[in-house]
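Next, two complexes with chain A in common: one pairs it with chain B, the other with chain C.
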Partner chain A sequence: MRGGNSSAKVFLLHIAVIGILFALNFILPEYHHGVLARVMVLSVVAMGYNMLFGYAGLLSLGHAMFFAAGLYGAGLTAYHFGWAMPAAFAAGLVSGAVLSLAIGLLALRTTGVAFMIVTMMFAQVCYLLTFYFSEWTRGDDGLVLGQETRRLFIGDFYLDLTHPATRYMAALALFSVVLLITLFIVRSAHGRVLVAIRENEERTKMLGYDTFANKLVAVVVSGVICASAGAAYALLFGYVGSSFASVQYSILPLLWVLLGGAATTLGPFVGALFMYYVVDITSSYTSAYLLIVGVALILLVLYFPKGILGTIRERWIRWLP
Partner chain B sequence: MAFGPHLLLAALEGLVTSAVLALMALGLSLVFGVMRVVNVAHGEFFMLGAVLAWWIASLVTGHPAIGFLLALVISPLIVGAVALVAERLVLRRLNYNPEATIVATIGMLYIIQQLALTFYGPQARPVDAPFTYRILFPWFGYSGYKLSIIAASIVLLTATWFVLTRTKIGLVMRATQYDSETAQAFGIPVDRVYAGVFALGAMLAAIAAVLIVPITQAHYLMGMDPLLLSFIVVIIGGLGSLRGTVVAAVLIGLSDGIISAFFSPTLAKIIATLLVAMVLVFRPQGLFGTASR
Partner chain C sequence: MTPLLTTRDLRKNYGGLRAVDGVDFTLLPGEIHAIIGPNGAGKTTFVSLVCGRVMPSSGTIIFDGDDITDLPAYRRVRQGIAYTFQITSVFAHLSAYDNVALPMQRTLTDGRSRAKLHAGVMNALERTGLAGRANSLAGTLSYGHQRLLEVAMGLALKPRLLILDEPTQGLSDGEIAGFMDLVREIAQDATVLLIEHNMQVVMGLADRITVMNAGRILAEGTPADIRANDEVQRAYLGTEPA
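Right after this comes the complex of A and B.
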């Protein structure tokens, strides 16, 4: 299964997915073009979530805080200090790294149900903080980043990220980088240790692996990936608000990953894309989209716990990463 | 108002919160203790209880007490039935796997919330209190109904304690909590105990909601804050411990009442949530609980 042949197939598959997404930029109608750009950014959150939940087996209910860390890290520095795009994006990544390191050091002392509740509570604290500092964040109303802050200067030449095609390409660039990074991580020694921890932590510890350090790395990697999506969301779509830190944005990545297939590299994207269109299509019939999310969650855990790509891998394509 | 009376008022408000919180947290704690299920939909059972109370009271004409008492009986029964169906259809099929049940109860949360929004609407609606007698303190008048909530809660908590420790039903429940496999081997219908406990937990939340709805009004989003507070209470009190739950509810309710009377409520929530997360990290068995087996 791990032969050179399947490595080549895996690599080609991911390149092909990125290639198709690149080609879609030129043929998609305007509406779906915009949707896909958004879905690519959101599925980066799901990929970050998948690192922790799918591979390391740690179910967090607080990933909205990492997304929000990136969102506010980039948004606040760009809005209040007028930082240029690369600096603001880096600020988002740094705040995600710092937050996830702190949360990881604390929350990883717990396991199982306690881990879920602790992460949920830390995320709730972060959500409330965005209201407490509403002088800076404007709470629910949020901040809107103007067009002039969303330009990427390269010498005298600049890229305008409010332009749909540029925005799509920026989203695709982030998506591709993160996809290849996750592919690399899950095929590395560290990735295998994470899977071993998920399957049997005691045994992994007994084999001499430092499980705490491995899990901590996973939390930070997962947090930074989610923060990169948050920072990109702020800069690409120009809106920074408290609702992105709410518990709903912790649940949605879980739903996307479950739907697409936990512990598959492409599952998060498939899940996010599928769910986005399900909500989009049903919302033309009913406003009750939370109902769909709820029913989907229950049906998934009841009948389809491996998700779309997880099932495909189990039944047909064994080499799917 | 001078500081002393102000503090008394804040403490009374806090005690009313504690009374309701204790009932609701007790439901959450029972479900977790016996079934090892973290019921994230618990707050929605609370909300459902309040919304149904408004609906029942609005159907009845005449003295408000009639509608209120009817609601106090019927609303928990309906909520219990809903919980029973949910348990049979979903939780049992998941084999009570802790992680899967959390995801499933999150699903229930969204479904109940959305159905309430669709059929009940986004408005907040009050239920008339059964009586409006005011008790006059030297400094301020205080609603007699609020004090009766505290009394009702004490009666219900005592009754639950009595059932748990002094009756056959309680014995069966404790046996299931202690070791469900051995209980099964001794002929206890563990499956039915689980269904009953889940329904009972939801009914306690619904009763708490009916008691509080004359003060706060029924609204489809009202379940979220009590859910978090109940989590806090259950964690501080030690998961599955009745005495710890009651002590923690009084502690949290009082401090919530007093802190939010004198400081910013958002800050109070931030500090409380952070403290509880720290308790869970550094003392997972709770402040009053003993170490888990």
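Right after this comes the complex of A and C.
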């Protein structure tokens, strides 16, 4: 590890990022304000994905199921049982924890390409389940959570999460908590073990580590983080539909992380933000925007194989976590 | 004295090849025990069976009175068996410091204290002469330094049994002398099982020597016994050590 000096720098950097995002709430024009709130929630998915892929080196192609677990865990309980927001959010987290524990126990018997395929297949099963239970989920049409279910009561007073500034602050709160948690984890003893597993699992075992247990913890932490984003998405944006469980939402976090920089704490946010705007801007000019996005990705992988922040860390700012 | 390690009729077959072929072996606590033998004799395979990196085809391994034959490698490490790899396998993309911090952080009883971890890591790096390289990426170290880093990682595990697989390979003469001092120091509170080709190192360090050939034990004894053993002379010492 490095000295206390860079510890302070690292902490200040993360606080500064959170501070800037806070200030932007008051500055940004309405459209970009809305975009940023959404991107903050989506980048929480990317941060969860990064824990597993970036740090532990496990490439999953099924993380949509964890996002969906949170989305449906919160959405269904709020919609059908009228659960209040904190309870619905907690239901989302618990769904994510249970699902990721089960998936981890099964999928971690495999590695490499087999792990990719197994996670993808489980995610596909989850996707199909959202249609199988369409009596409850209404499948592709989905459920729309009304304004009255998206109020957070504190005594008699309540926060209305359909209000843009409140929604923005709620997204920022989730983003900040998850960012600081990931920062803490990657700098902890467990984080160092995850990196060691990524670099050489056999060697890590010979240092006395139960690598299976460490990977299982990583899967659950990653799954719960993604579920928290799903639960927040349902409650903040009020829509719960099958498309969020589709393979697209398994691939996107991978792209965001690759773009922003795998195994960097801020890379997932940078990647999600960058990609959102690339799609947004190109799609306003041409219907072939996916082609442009594809080309942009190829160029990035060619010239910045470690992603934006990964490259910056390699060339300039070595202390970046 | 009750042995620290005993193997009974230990075997490992690779297809038709008997890499380890019925080895009965005893290691006494506190000794420096060398295993010598020509290339392909089965030395690495034998110690891999002991540390759990490779599972035996048959036979038993007893460590400190417990049957550990079926124990996974990481549990054996926790019981105090540390293995340093013959083929250097440090974490190339991590700093030398982090390479040592990994085993060190697990053996710290209070776990969390960064100051304790730091002190322990720097101590292991100093003992192996690598303190000045703490922040270098392990992959950029010279081959000799990577071998020493392997030893530092082994030390950080605070082992009761430290297995060194050809640790002096690729070291300069000066480094070898320093290394021999280090092994003597380690042996004051750990048992050392040393696979070594350099006969000067073996004769200078070992309390007892086991000679392996073709997966079997050919001879066992003090350095003087081994030097005087005709069979060993013919099979191994007479030929150029590979």
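The rule is short, and it goes like this: the second predicted complex is superposed on the first by the 306 of 321 C-alpha atoms of A that agree within 3 Å, B and C clash if a C-alpha of one lies under 4 Å from a C-alpha of the other, contacts with A are read in each partner's own complex, and residues count from 1 in each chain.
To be clear about the criterion, a residue touches a chain if its C-beta (ideal position, glycine included) is under 8 Å from a C-beta of that chain, and two chains touch if they have at least 3 such contacts.
As the structure is a prediction and not an experimental result, all values here were calculated from the model.
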Partner chain(s) touched by A:166 [first = chain B, second = chain C, both, neither]: neither
First (chain B), second (chain C), both or neither touched by A:176: neither
Touching partner for A:205 - first (chain B), second (chain C), both, neither: second
Contacts of A:189 with chain B and chain C, given as first, second, both or neither: second
Which of chain B and chain C A:128 touches, first, second, both or neither: first
Per-residue touch tally on chain A - higher for chain B or for chain C: B
Chain C residues touching chain A - in the complex, by the definition given at the top: 51, 53, 72-74, 77-78, 83, 85, 89, 91-94, 97-98, 101-103, 105-107, 111-112, 114, 118, 135, 153, 157
Chain A residues within the chain B interface of the complex: 59, 61, 106-107, 109-110, 112-114, 116-118, 121-122, 124-125, 128-129, 131-132, 251, 254, 258, 288-291, 293-298, 300-302, 305
Chain A partner contacts - residues on chain B that touch it in the complex: 38, 90, 93-94, 98-100, 102-104, 106-111, 113-115, 117-118, 228, 231, 235, 264, 266-267, 269-270, 273-274, 276-278, 280-282, 284
Partner chain C, residues of chain A touching it in the complex: 1-2, 189, 192-193, 195-196, 199-200, 202-211
